[in-house]
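Below are structures written as structure tokens.
Okay, so chain A shows up in both of these, paired with chain B first and chain C after.
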Partner chain A sequence: MAKSKRRMSEKQAGYLMVFPALLIILVIAIWPVVRSFWISLYDVRLNDPTKSQIHSAYGIDMERYANGLPLLKSNIANEKKQVEAPAAGELDAVLQSVLAVDKELNQDPKFTDRYTQVDDLLNNMQPVPDDVKFLDAEQVQAQKLKDTLQDAEKKVLALSNDKQLKTENVLGIVRGLEGSVIEPNFVGLAYYKQYLTDSRMWASLGNTVLFTVLSVVCELVLGLWIAVLINKQFIGRGLVRAAVLIPWAIPTVISALMWKFMYDGQNGILAHVFWKIGLISDPGVLLTTKWGAMFSTIFADVWKTTPFMALLLFAGLQTIPESLYEAAEVDGATKRQQFFRITLPMLKTSILVALLFRTLDAFRVFDLVYVLTGGGPANSTETISIYAYKTMFAQMNFGAGSALSVLVFLCVALISMGYIKILGADLIGENSGK
Partner chain B sequence: MQKKAGPLFYVFLILFLFAVMFPFLWQMLASFKPPGELFGESAFSIAIKEPTFNNYNLVFTERPFGTYLWNSLAVATLTTVYAIVVSVFASYAIAWLNFKGKTVILGIVLAVSMFPQIATISPIFMFLQSVGLTNSWLGLIIPYTTFALPLAVWNLTIFFRKLPLDLAEAAKMDGASIWQTLTKVFLPLAMPGVFTTAILVFIAAWNEFLFALTINTEESMKTVPVGIAMFQGQFTIPWAEISAASIVVTVPLVVMVLIFQRRIVSGLTSGAVKE
Partner chain C sequence: MKGWKKVTTAGLVTMMAVTMVGCSSNNTADNNKSTDTGSKDEKVKLVFARGKDTTAASNHIVEEFNKTHPNIQVELREMPSDTGQSHDQYVTMFSAKSSEIDVFDLDVIWPAEFAQAGYLLPLDRFIQQDSINMNDYIQGAVQAGNFNGQQWTMPKFIDTGLLFYRTDLVKEVPKTWDDLIAQAKATKGQGGTQFGYLMQAKQYEGLVCNFVEFAAAYGGKILDDKGQVVINNPGTVKGLKKMIEVVKSDFVPSNITTFTETESATAFQEGQSAFIRNWPYQFAAANDTKQSKIAGKVALAPLPAGDAGSAATLGGWLSGINKNSKHPKEAWEFLKYLTGKEGQKITAVDGGSAPTLLPEYDDADVQKASPLFANKDFVNGISKAVPRPTSPQYPKISDIMQIEISKAIAGQETAEEAVQNMDAKMKEVVK
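Let's look at the complex of A and B:
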């Protein structure tokens, strides 16, 4: 190892050492963002088998087809034995129409081969890989199969409604077969257009901005105040530092639960105290009204992150040379002047960096709202991340949800670009650590 | 402004500490109350009539809380180890070696650390589902990379830049290879920074919620934050058990913070402050 490395130049070694980290970041973080945008251009729904993936062309889900066709044959044969002659005739016609299309499809040897392959896998109880499962098809053929199956469904449904069938099996199988026809689900920018006029999107964006601005401003003012106050010599500095880290270290979910417990309208201590001192008219308002819930969420966030802000600013304060204040003192500057003329300008970079991280964190807030209010009451604390999550994992609408998450990404990118423009290259510059 | 503190200051300090600690202390109090004392008048009382450990008992016997802890511990530890190993090399190279494009690389790392998780979740979820990795440890370790690796690379780079570079030059003069410089000169110096970064990555992975909520939905694979969040039923919230479970999770974190507070503070602030 040592020998081969000796011959390697410093440059090559550098690239070699950075490569794994860079590759992983590229594959696991950057690619998914690009892919999110890609998914948002398609109508992808995980609860609909024909739309569970991106399909840019017509195709047939061979697993479904190979599962359904033999079932259709056997069930129609079964059903025919049990029903009256006219109904049996109709069922036969349905089967013949489907088999006619199947014959047409089988004129393509690729279809026959794939059918045999999938059928073998199914018979051996083996999973069908995705690249085998989906077979591209001509639009005309796919459309024809779909039309035939829809027609079949109508006929079987009519029979079923007339109580001419003994079981519902055939209807279910025909419907299942319909799911084997894959249509392209490309929708372009339709979701973005839809969301631009969606009042729920604007409301959630508004909630996110309100939450971000209010909580970050409170955190900055309080954090700065605390930082300046504890920037003295006093007994128990270590204790304060440790105590300040506790809210930061507690998982957000747990701190959200702690606050939920204290906000509770019946047994929550904080709701009770606020009510007793007349801050709120009823102990219940903290979690059941729009402004109460928004206030509660911000309050909990301020509790959790102000200490962190104070810590960053405190570290910044300690880098300001004492001599500046001594000189100001000699020149007769007041404490107030010292704060605005020395402390604030010298802290500018620290403040901006702390603000940048806090703003981005607040803008993508999820855990706190999810646990504390669930976005309620009546979506009044729903942030854009929560909306995207609900669209994806409650409605299983991944296309639309991805569009929302791309919007979150764009907002975050805009915010960081704004900050970085003010900060300049200070953030990454070679000198920042020295 | 290194002034001596006055008595008023200590009053303020005690109030501040009280405000910071209150939710935690109140939760701890609730965890020792029998469920009956969490309602009505005694809900607001700081005295417990019949203190009990039963809530702690229930959490481990009635719920798979031990499993949640084990999953969290495994996922957070494995994520930390893997992120640190990969990023020690990258950060060493960025901080100590000469090659082009370092600023760009660091810029990418910083940008990725700002990515909102929600923007990566749909493709990651669909991928993990298609390869059958949902409800597994690996299914969380892979997406945790999105925040663990940038965090580790960024912190380590800043830490490594502070190390005395002349030592590396001296080692080079003496004819040491890059590998020897790395293992003999650099790593012993770097250990404190690596350790600090490991704590930060571990806490971030331990606390993660969104990926854990969506990817590991099976009871046997849930992590602590998701497990506790799901204690609440449709109509009732078992506060006594939630309190006990929260305390079980929080106390080790608090102890860790107390022991390593100096390191954590330096790790948290080093990226943000010019020294």
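Let's look at the complex of A and C:
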């Protein structure tokens, strides 16, 4: 009994010791993914005031309300002075109907308090914090406010269409007030359904896969070659080993800009060289055609990350014991046989690890494409990250953008699971052999 | 993407948390301070952001303002020349409730979206306090900054597509697009030029402007007065075909589909082409001996006409105040100066851009700055101008047009297909 108790506490102590690490992993790795997924279930758009956040219940945006109501009063008063009697009467009726609902809302002391609080903040030109800004409301109340405002909009619109109003201000303010009614914006998996049938999503996914496969294969072959090369004994080896790393050490945005200048159809040196040696028909095609642009991006990526691949493989090469090669030499194996029979099998784990890193990296490619082509020409180099970025930041559609990033996450998770399965089997196999 | 998203989310969250904490704790401090800033003469620092300015105007305005307002110190921050990229950077900053920028320039298509998102401080109160007469401004530009009955921005300058040409190479100004094509072919290679015509054809907002000009010149229309999609008409198709003809011709640079304003202006100022389509600032920039090899040899004209006459995209820039600015009052002082008499005069004289403040056109220095500003027809034309419609959905419409036009001029689809695709996709957005 006592023994098991001590054991329990030992176990607990163990958990206690890994707890900080678990917490860090949870905060920096898992929480953002869960959060993204959560957002992707809601119709969140920054350019729509009623959907600028996740709302799971009905409510009223007090900042907008407190801003709009006095404006409505003053503008209707203004407008009434300038228009004919029947229109003035209608405007008055509109104002009365809105004020009636306002009165109803004010029967709740919470509403009145909050209104005063927000109004004070606004008068002092201070920002209204989010927890003060949104007030939960009954569905019936919110619906009633919305219906009244929509009704008011229809009436004002009719007046405006009949040219009975002097300005469009009242109409605009009523529309603005409508934005203060918050409705739940849960959409469930609608975005995922939409994207799975979206041809642009599949096209960008296709571009991403093409980019990933081609660049990673080129990097593997070149990286392996460089790794074998710098593993040899020669004069100035240290210098070469350091120099190889330079492309990798330059920030991607900088090197992408550098490549952009070199690929430029007018003044780019590389475009000129390719054209002179007959590789391309015109210096302009590199960044203006689909295949030219795809080639340019892959070429720049290969240049940049081959050193990283080489470094990982080089580390792997150093762990292969020299005695194996000596034995092969004695047995009369050629260099070629040594490479395929000793180097490659011994390097398998390193290669898989390097491939895993690079595939995931290439799949998430953003900065290089963003700077070099911006996804163009005609979206032919748009990767899925670029698509998600455009959806989120150019169109302010955070819900849809989050759904896209979750899809990227799923793809990446699938790829890593695939690798880890091969790799894991390999590692376990090795361990059990020992 | 996953990692990037993670980093940004984490970054945004920490940034938000920090700024929110910063805000709430600063507010009380700020209040105490603001009551006695006047007596202590503390300098208030403001940041003014705008897209890349190739002229000296912005620096000049900031210098002058800092000289005349000793208690405020304005710092200029340049954003990318690609308006789409600027837009995205603003969105990132403002949705994190950042206060790093106080006053900033907005493309005429942004105010509705930014006002909806709560990035802008409404200006009505300030305008009333300082009794600024909004009727002195070009009404279209004022309207562009008005959304849901409130004024969110002040008009800064108006932009319109124009044809600039080299007076030493061009004898007769081309009247129609076909004239232009013939002359561009003929002048290519003369006087050290390599091309005949320059435009903006990268997949970005400028491509939409160029397209709209071609389409409208041939009687095409994108949206009608009620905001409904009417893009699928013969005029649009014809305009797009003419645009494809120009882009595919041998008198434009072979990589024209990577050109924004900056690239085309550079090539023009290097003396590489006889013609260019650009915004009014090109006149000041091309006559600036510091950056141009063709100073004094440049003139301007309306864009060539199609079957339905000449059409120019009306753009323009407005200025507004970040809602989370720590110094809204001082920011207003700068905004008032920037879009008022002094600021607009500098923008016109040094920057070559057309003022939105109508009395400026009577100013002798302004009239001297560009042949445009002394031209009564031009002034009458733009004072009636209505810029592109303001809709919070505009970025999505623009994105659709950019992709399809880009495909059409790259030869991936025909003009008819592109127009049909735009029609279908835009109708999904504008219901």
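In the analysis below, the second predicted complex is superposed on the first by the 397 of 434 C-alpha atoms of A that agree within 3 Å, B and C clash if a C-alpha of one lies under 4 Å from a C-alpha of the other, contacts with A are read in each partner's own complex, and residues count from 1 in each chain.
Definition applied: a contact is a pair of C-beta atoms (placed from the backbone, for glycine too) under 8 Å apart; a residue touches a chain by one contact, two chains touch by 3 or more.
Nothing here was measured: the structure is a model prediction, and the numbers come from that model.
The partner that reaches more residues of chain A, of the two candidates chain B and chain C, is B. Touch criterion met: A:75 reaches chain C, while chain B stays clear of it.
Once chain A of one complex is fitted onto chain A of the other, the partner contacts of A:412 extend to both chain B and chain C.
In the superposition on chain A, contact of A:172 is made with chain C only, not with chain B. Applying the stated contact rule after C-alpha superposition, one finds that A:283 touches chain C and leaves chain B untouched.
When the two complexes are overlaid on their common chain A, residue A:393 makes contact with chain B and with chain C alike. Once the two complexes are laid over each other on the shared chain, residue contacts for A:36 go to chain B and to chain C alike.
Applying the stated contact rule after C-alpha superposition, one finds that A:223 touches neither chain B nor chain C.
Of the two partner chains, chain C is the only one that A:376 touches; chain B does not reach it. Applying the stated contact rule after C-alpha superposition, one finds that A:259 touches chain B and leaves chain C untouched. Overlaid on A, the two complexes show chain B and chain C touching the same residues of chain A, namely 28-29, 32-33, 35-36, 46, 264, 266, 363-364, 366, 385, 388-389, 393, 405, 408-409, 412.
Of all residues in chain C, only 1-6, 9-10, 20, 23-24, 27, 31, 82, 84, 87-88, 91-92, 95, 97, 113, 116-118, 122, 146-150, 202-204, 253-258, 267, 323-324, 328, 392, 395-396, 399, 403, 406-407, 410, 412 touch chain A in the complex they form. On the chain A side of its complex with chain C, the touching residues are 28-29, 32-33, 35-36, 46-49, 52, 67, 71, 75, 124-127, 129, 168-173, 175-176, 179, 264-266, 282-290, 363-364, 366, 374-380, 384-385, 388-390, 393-396, 405, 408-409, 412. In the complex of the two chains, the chain A residues touching chain B come out as 1-3, 5-6, 8, 10-11, 13-18, 20-22, 24-25, 28-33, 35-36, 38-39, 44, 46, 53, 130, 226, 228-234, 236, 238-255, 257-262, 264, 266-267, 269, 272, 303, 307-308, 311-312, 315-317, 319, 322, 325, 349-350, 353-354, 357, 360, 363-364, 366-367, 370-371, 385, 388-389, 392-393, 398, 401-402, 405-406, 408-409, 412, 416, 426-434. For chain B in complex with chain A, the residues that touch the partner chain are 1-5, 9-10, 12-13, 16-17, 19-21, 23-24, 26-27, 30, 38-40, 43-44, 86-87, 89-90, 92-95, 97-100, 102-103, 105-112, 114-126, 129-130, 142-143, 145-146, 149-150, 153, 157-159, 161-162, 177-180, 203, 206-207, 209-210, 213-214, 224-226, 228-229, 237, 239, 242-243, 246, 249-250, 253-254, 256-258, 261-262, 264-265, 268-275.
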